[in-house]
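Presented sequentially are two complexes of chain A, the first with chain B as partner and the second with chain C.
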Partner chain A sequence: MVGIYGLLAMSLNFQVGFAGLINFGQVAFFCIGAYTSSLLATKVGIPLPFCFAGGMVISGLFGYLMSIPTRSLKSDYWAIATLATAEVIRLIALNEGWLTGGPFGVMTIPQPFQFLFSRDSYPLFYLVLVLICVLLIYFALSLLSDSPFGRDVKAIRDDEELCLSLGKNTRQIKLQAMVVAGMVGGLAGALFAHYITFISPENFRPIETFLMWAMIIVGGRGNHAGAILGAVIIQLFNVSTRFIGEYVSLSPDVMASLRMLIIGLLIILFISYRPEGLIKEKKKVYYLKRRDGE
Partner chain B sequence: MEFSQIIVNSLIRGSELSLLAIGLTMVFDILKFSNFAHADYAVLGAFLAYTFNQVFGINLLIAIVLAALFTGLFGIAIDRILFKRLRVIGANPVSLMIISMGIEIALRNMLRLIWTSEIKTYAIAIRKPFEILGARITPLQIKIVLVGFLSMVAFHILLHKTKFGKSLRAISDNRVLASACAIDSEKMITWMWFLACAYGVIGGTMIAMEHVLYPRLGFDILIPVFCATILGGIGNPYGAMVGALILAFAENIVLALDLSRLINLGGFFNVHSIQISTGYKPAISFVMLIIILLWKPTGILRKK
Partner chain C sequence: MLKIKDLQKNFGSLRALDRVSLEVEGDSIFGLIGPNGSGKTTLFNVVSGFYEKDGGEILFKGERVDGLTPDGIARKGLCRTFQIAKAPEKLTVLENMMLAAKEQRGENPFSALFTRRRTARVERENLDRAMELLEVLQLVDLKNEYAGDLSGGQKKLLSLGRVFMLQPDMILLDEPTAGVNPTLTMQLMKAIKELQQREHKSVFIIEHSMKVISSICDKVYVLNFGKKMAEGTPAEIQKNEKVLEAYLGGA
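The block that comes next holds the complex of A and B.
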């Protein structure tokens, strides 16, 4: 789960930390990836790698759709719009029972390579699978953000008008950033669905988005390692408090609300006192290389 | 559904939403950020009113006033602790927005901690609704519309007939010029928070009275409130009122609409009545919000 959330946090971080797009609807990617992949597997019955790819493609397409309004909207309006979009997606999943099973969700989603492992060792295998994905995505995103494209993306975050005046097509760059983020989010969704084998709209409440936000705020915006660190911290916190719950005589409801209360406070404290997060973004300064004789 | 019933329902919903939207729009107007915690302040007030009424046995009306008072103070306290610091260092609106999101999460779960997530209802005797022109309406709902209307009138008077309102408008137009004219903007911001929270509490309590009260209510009404605010033109209190009314009408009309007439095209196809399922009711405000943002982000009544 840490790995899956790590992917989600990286995807969100790519939008917020690099492109400066305030996405409050990150969970939509997660949801679309999970539903697409699991529906392809259960209803169409194509091999699993294609399901994963399908989840990524659809979710990337959705990223494309979501990036269209960035042209005309200011960041905070866009943030509200994304929040609303994610809820619409969830409501569609909830109400279109013929496709998604409605509130009952999609059940018996096949797990990849299940036949090779026993029930006990399977989670271990899945962990390795997820870790491989995280590493791959980490390197891919690192490469991408160091590339000229990555520099353009950061430049838009810092000063969009300057970027425009330099002849960059900011709209297209934002769009590409959203598609990349959407694909990563979709992959995370697909991994999630095939791990827990059962998904319902309840898995994709907006609170998930806020969890991801907590991750990148704690970990540090604008760098991938920070996103992963944030995911590890928040997820460890989540899981460990669940174990503590067995020893402390508090009802699960109380524990759950206490947990979220602390996460909310964490967001407030970090933004107030350490807005750059635990791992700072390294500022790179690029110098013009001078040719000799000039 | 009868057409008169649609009007009545929309009026009720509209007066509830507009009270909340006014507070949101004021905060945006003066402080230039979207306060995600606004609806949760309102729900905090609704819970306080519930407690005053049920536990201490205070008259419900007085309980609501008390709750509005306390929540107003709470809003001021949060502003003093968190927002003021960031205002002084001149943080960008995005961090303010994220902080308000943090407050939203923390506050909602605090409510859940104190009052548990059980659904609560106010002890109001259910009375037989009476009919006006074929629409059914309960005495409570009449009171809601009345209170909503009176609050709006009071707000208008406050904004245009008092010195306070004048200073508030001055700050919204030009903060620097206002402080040059010896208007203490910090003091005004404090009052503005108080007012926004108090109005929110009245709206929130009315929603909770008509339906039920639970901690997640704040999040559930957040997007409709945002929608009303933006629809009317953010930063414009009258726009917020108009936006709330339009949204309320849209919600009720879309649900009542019979799509089969459209599809049948005068008898070409024989489809039985198709209606949008009520499961999509929250989606109406979301979709409207997205459409408005795409088509006219400045809203209907742009700020002059």
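The block that comes next holds the complex of A and C.
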């Protein structure tokens, strides 16, 4: 789960930290990736790698759709629109029962390579699978953010008018950034669905988006390693407090609220005292060839 | 090179530009002066596509460019700077220069991931050019500083550098020396002149200082209340009595 959240945080970070696109509907990518992949597996029955790819493609397409309003909406209004869009997606999943199973969700989602492993060793295999995905995505996103594309994206975040004056097609670049982020988010969704084998609209509440935000606020924006670190911290905190519940006599309800309270507090503390997060944005330094005589 | 015909721009009932017509020739420096609020920056904003015009025509290299988007106009080879120099906060000076480079590869995710070798080669070429320009602008020592941390004058120098990286056919400079100390101003002017002569571009410049204008411009246009007041060589303008009264405060 930490790895899956790591992917989600990296995807969100690519939008917020690099492209300056304030997305409060990140969970929609997660949701679409999960549903697409699991429906392709259970209803269409195509091989699982294609389901994963399908989840990424549809989620990427959704990123494309989400980026269209960035043309006419200022960033804060767009942020509200994304929040609403994610809820719309969840409500569609909840109400279009013929496709999504409605509130009962999608059940018995097949797990990849399950037949090769015993029940006990399968989670370990899945962990490795997720870690490989995280590494691959980390590598790919690092290449991207280091490339001229990444430079354009960061420049648009800092000053869009300047980019226009330099002849950059900023709309197209933002669109591409959203598609990339959407694909990563979709992959996370697919990995999630095939791991827990049962998904319902309950899994994709807006609170998930805010957890992802907490991750990038704590870990640091404009930095892929920061996103992963943030995911590890928040997720470890979330899981470990579940075990504490056995020793402290608090009802699960109180524990859950307390957990969110502490995460909220953490966000406030970080924003006030360490706004750049644990890991700062990396400064790009070009390596220059030495000239003769120097 | 750039031909403006009867250009109009209104803000409510205010005529910011009232049938302005002018022509900037290739390979020259064209000055635009006028009192505050006379419409100089508005003219630039309309020409560069950031504002919509309310009438008239703009031709660049014989082609209509009014109605194009700002980035579209920039891609045609007409590029502007801003009165308050822009500097992406978290991009270094060198990144700024590389950002502006005209010929780039790897600007979309696909080519960035899959044509890395060609991208790297183009980047190296641009890097060499960027370093050359930074030397002229005396910004070499600051190359790895964030642009957001530069002083106002240095940001102005950097915007000049970016524009020359882009290698447009014509450059619109909006008060490149405003808020810059006199020594640096002279350096800037020298740099503009040097770069212009080396690259044979046209420069269209808004400036307040008569000294600056007369030292580098081939031709000057005076704007007052959105209308043409005078046009001519710097020497002619300095003798024009109407201009002296309105702009230089009489004598």
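Brief remarks follow.
In this section, the second predicted complex is superposed on the first by the 284 of 294 C-alpha atoms of A that agree within 3 Å, B and C clash if a C-alpha of one lies under 4 Å from a C-alpha of the other, contacts with A are read in each partner's own complex, and residues count from 1 in each chain.
Criterion: contacts are C-beta pairs under 8 Å (C-beta built on N, C-alpha and C of every residue); 3 or more make two chains touch, one makes a residue touch a chain.
Computed from a predicted model, the values in this text were never measured in an experiment.
When the shared chain is aligned, chain C comes close enough to touch A:E161, but chain B does not.
Of the two partner chains, chain C is the only one touched by A:N169; chain B is not. Of the two partner chains placed by the overlay, only chain B lies in contact with A:I217; chain C stays clear of it. When the shared chain is aligned, no partner comes close enough to touch A:S121: not chain B, not chain C. Contacts of A:S147 after superposition: chain C is touched, whereas chain B is not reached. Contact with neither chain B nor chain C is seen for A:S240 once the two complexes are overlaid on the shared chain. By the touch criterion stated above, A:I80 is placed in contact with chain B alone, chain C being left untouched.
Taken together, the two structures place no residue of chain A in contact with chain B in one case and with chain C in the other.
Here chain A touches chain C in the complex through residues 140, 143-144, 147-152, 154-155, 157-159, 161-170, 172-173, 176-177, 179-180, 222, 281, 283-286, 288, going by the rule given at the top. Chain C meets chain A in the complex at residues 48, 50, 69-72, 74-75, 79-82, 86-92, 94-95, 98-100, 104-109, 111-113, 116, 119, 123, 127, 131, 143-144, 146, 148, 162, 166. Across the complex, chain B meets chain A through its residues 33-34, 82, 85-86, 91, 93-95, 97-99, 101-110, 112-113, 116-117, 219, 223, 226-227, 230, 277, 279-280, 282-283, 285-287, 289-290, 293-294, 297. Within the complex formed with chain B, the residues of chain A that make contact are 22, 24, 69, 72-81, 83-85, 87-88, 91-92, 94-95, 206-207, 210, 213, 217, 253-254, 256-261, 263-268, 271-272, 275.
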